[in-house]
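These notes concern the structure reproduced below.
Going by the order they are written in, the chains are A, B and C; count residues from 1 in each one.
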């Protein structure tokens, strides 16, 4: 029953490979890419809230003009999209690899296995991630490409949003995804700090405040539309 | 005939002359093996406790080719890990007048003048280096706020020289040794064989040249050849079935070496630890120790009146007998273990014991909690209190603990000389497995000290003197075959009796017999009775034993059966030794030899010797070789703690 | 009292196992859980069956040998308790008790409830020590250690290497075990020279051995008999990442 291991395998040369080959390194990558995605999510939420100021279309124009002299019209948005895509790919790849490793590490499960400690958010990280990923695909087809949007005119952000959230089932799907996002962020932020070797005492409170704030911020728009506060 | 007299034996390796410089001179005179040659020499170390683990690691560091065996699934689990209280060292960090000489003196006296001066002095000298070594390894000893090491006092000492890591000192020291061992495994100098039990010693041309082992997972019996064999397999307290030893602790390695010719010294010297949790029922599989350090702050008492069954809080102060403080005012609750144990037995025998069955005395922390506060008491003993509560379902912060003595340690073991050589050339014995340093009674916190002294410092310094003559040439293949065949035959015999009693049932019966007749108090009548009953129990074992399964698999009943078979032989030798030694000394108390007050009466004129027994056959009278003890630095006196 | 247990029986490493039901009479509240299994084993042997194999040794909660899943919880229902320190008073005779071995690929089952945990030894061998030599140490008081550091080190050093953390972890990760050792040695001044490489080497070894990666679910600390805190894992992550960043 001797367990074999190979020391100094080829995957361990140089910083990036050494980082990526280690479970701790992968979690660090997830923490950093998660941080990038969190920053985007916060900016996105703030952008969404401009709908209450009545000029979300203007906000869209503003984004496309940002750094236009350097990057060209709409260039900034594309830079962001590329960064986000990279972050998502790394984040998901690491998550999938860790999940597959976990499955290999326990090929035979327990006959009886109640929940012991891990909170709801901690346990739902993987399924929550899948829900968020599916939603992002829908969300891009809906409000970025406009393919699935009942209105679906590029640049008419306000109208597109209003068209969407007239329907209770769109709001329901959106709610599910945002709640999943909130839970994901709550454990994600707490966990990311630890994955990077930090464990500040207030981290769980902070993670809760930020994730609740983001959830409420995102949900305010569809419900405002559904209940006719924003027309 | 009980036994036959053989020739006297002597330790020929301790240098003559001043005691203080013997170890220094011996180290200088011991021949060395040059580093290039060490790689060519193989040393088999059996056992991975404090002695075996530290020896294997250190011999590996020196460059020898080391094979390390243990029956547990990992070297880190050896029973040294359970030692709670601490480790003695003559550092005098407390500035309370300690010194090497005082530790030496206390240990000789604590051992009731039945140990060798030269060995004990060396132990006291080396003690200081042990603390340095362990701190360098990262052992997290308790520290004061200034960052320096904290110490506490233990039984049999009036200075504070015991270093500790809460109630887990043994664990922390063992992990230090285990980590040093792991480092050598990684470096390739030590090969580790866990779940491997030594079942015989290979003796070729009169030298120990290897071990026959059984792989406890596959059942495979193989031989590992070596240039020297080191036994560090601990004590044999489990002969009593119920003891504070781990369930797996056994005498097999040393007993089979004994049957190969190694003399067994002072087998009757058994330490009964005074502070254990009392037995709760017939099913009980093991006794749990409560560290002796508890006696620093706990007060031992029983009701004055026999048969007083009131709960402890309803017994007024005036009706309590703090008997240790009363009888031994200068040491009080900190008298040595043998004295505390016997005193507990005496009050229980007088009908004043407490708890179910009346086999218990109180260890009360009410005064300590009032004086120091609950937090301080919790910081010192919290984990012990928790353990007690878990087992008994009683809260020692509220209700006094109930304690009773239990078998804990065996001072006897294979006879070794100053160089830790047994009477088989090439067979070294260290730690609890040998007999050398504690005489008839071991002081608290001295077992850890001896194990690590032997493993880190003494053995590595002297083993070269033997190995300098090596390599010893090819091993006689017949010797290997003979030993392996013997082991295979034993395994198959155990499996083919197919009787109607389990190994456990024999062990339980033997243990009860030994506890009743060769336990805390021994009498000629009782020992003679034991000597009649043990052979018949052994005969029954070989007739009625039932072991299921096969030898070619993981078979815990088979492992147990082999160990019980050896206990059944050892028990007889213990009783012979106890019967022949008609004096009382240390852990060996003969009812015929006591003072009017019931204290032990030693007989230096007749018994100031080490009894080293030679095996002559199962059930045959063993041969007694006496090693006279000489006292130059300390004059044997009546041991008084009053 | 009579108890019902469902115990995992498996005759060897490659054999197929299954849960088998037993009823055990004459169990008392003072009995330990392992003594209950002893009673069962005595009976099985007399009936000519193989006793249930389980690891155990000190039976006082310190050696780390024992450890089984009891009703799906590593070391059973007691808080900060090893299997050997459980007593039958903690169980309701009305409910059958399900007893299974630790489950993890690096812990193959050898027989019944016995698993091979030598993988944990491999992790320590990869660096879980301070490199010293016997006889070369300076005086113990030459190196004062601030009491808070000594206490943190002690708290982490209390790990008994039982493997409950691995058994409980949904990822089958040994991170808490490794983190305990990295913290014990990493906070002490003696442990500084090897601090980062030690952490990195132990983690890379546990990865190579097939343990899962830690996702900080906290199941490990909930069952740890010695209460090793999750903060040790943050510290380990910090040290590993520091080492990797320096590897250029």
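The definition used in the following text is that a residue touches a chain if its C-beta (ideal position, glycine included) is under 8 Å from a C-beta of that chain, and two chains touch if they have at least 3 such contacts.
All values reported here derive from a predicted model rather than from experimental measurement.
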Overall pattern in which the protein chains touch one another (line/ring/star/complete/other): line
Centrality ranking, top chain (CA atoms only): C
Centroid distance [mean C-alpha coordinates] between chain C and chain B, Å: 27
Chain A and chain B, separation of their C-alpha mean positions in angstrom: 61
Geometric centre distance via CA averages, chain C-chain A, whole Å: 35
Shared-contact residues (touching 2 or more other chains) in chain C: 110, 116, 118
Of all residues in chain A, the ones touching two or more other chains: 1
Shared interface positions of chain B, touching two or more other chains: 217
Partner chain C, residues of chain B touching it in the complex: 54, 57-58, 61, 72-79, 81-82, 91, 93, 129, 131-138, 140-149, 165-166, 168, 170-172, 175, 178-180, 182-183, 185-186, 192, 194, 217, 244, 246-248, 280-281, 283-286, 288-289, 387, 390-391, 393, 456-457, 460, 500, 502, 504-505, 546-549, 553-557
Footprint of chain B on chain C - complex, ascending: 11-12, 28, 30-32, 34-35, 38-39, 41-42, 44-46, 48-51, 53, 55-65, 78, 81, 85, 87, 89, 110-111, 114, 116-118, 120-121, 124-141, 143-147, 150, 153-154, 157-158, 160-161, 184-185, 188, 190-191
Footprint of chain C on chain A - complex, ascending: 1-3, 5-7, 9, 12, 14-15, 18-19, 21-28, 98, 101-102, 104-114, 116-119, 122-123, 125, 187, 190-191, 193-199
Touching residues on chain C, where the partner in the complex is chain A: 6, 8, 13, 19, 69, 71-73, 98, 100, 103-106, 108, 110, 116, 118-119, 122, 168, 170-173, 200, 203-205, 207-219, 221-223, 230-231, 233-242, 244-245, 247-248
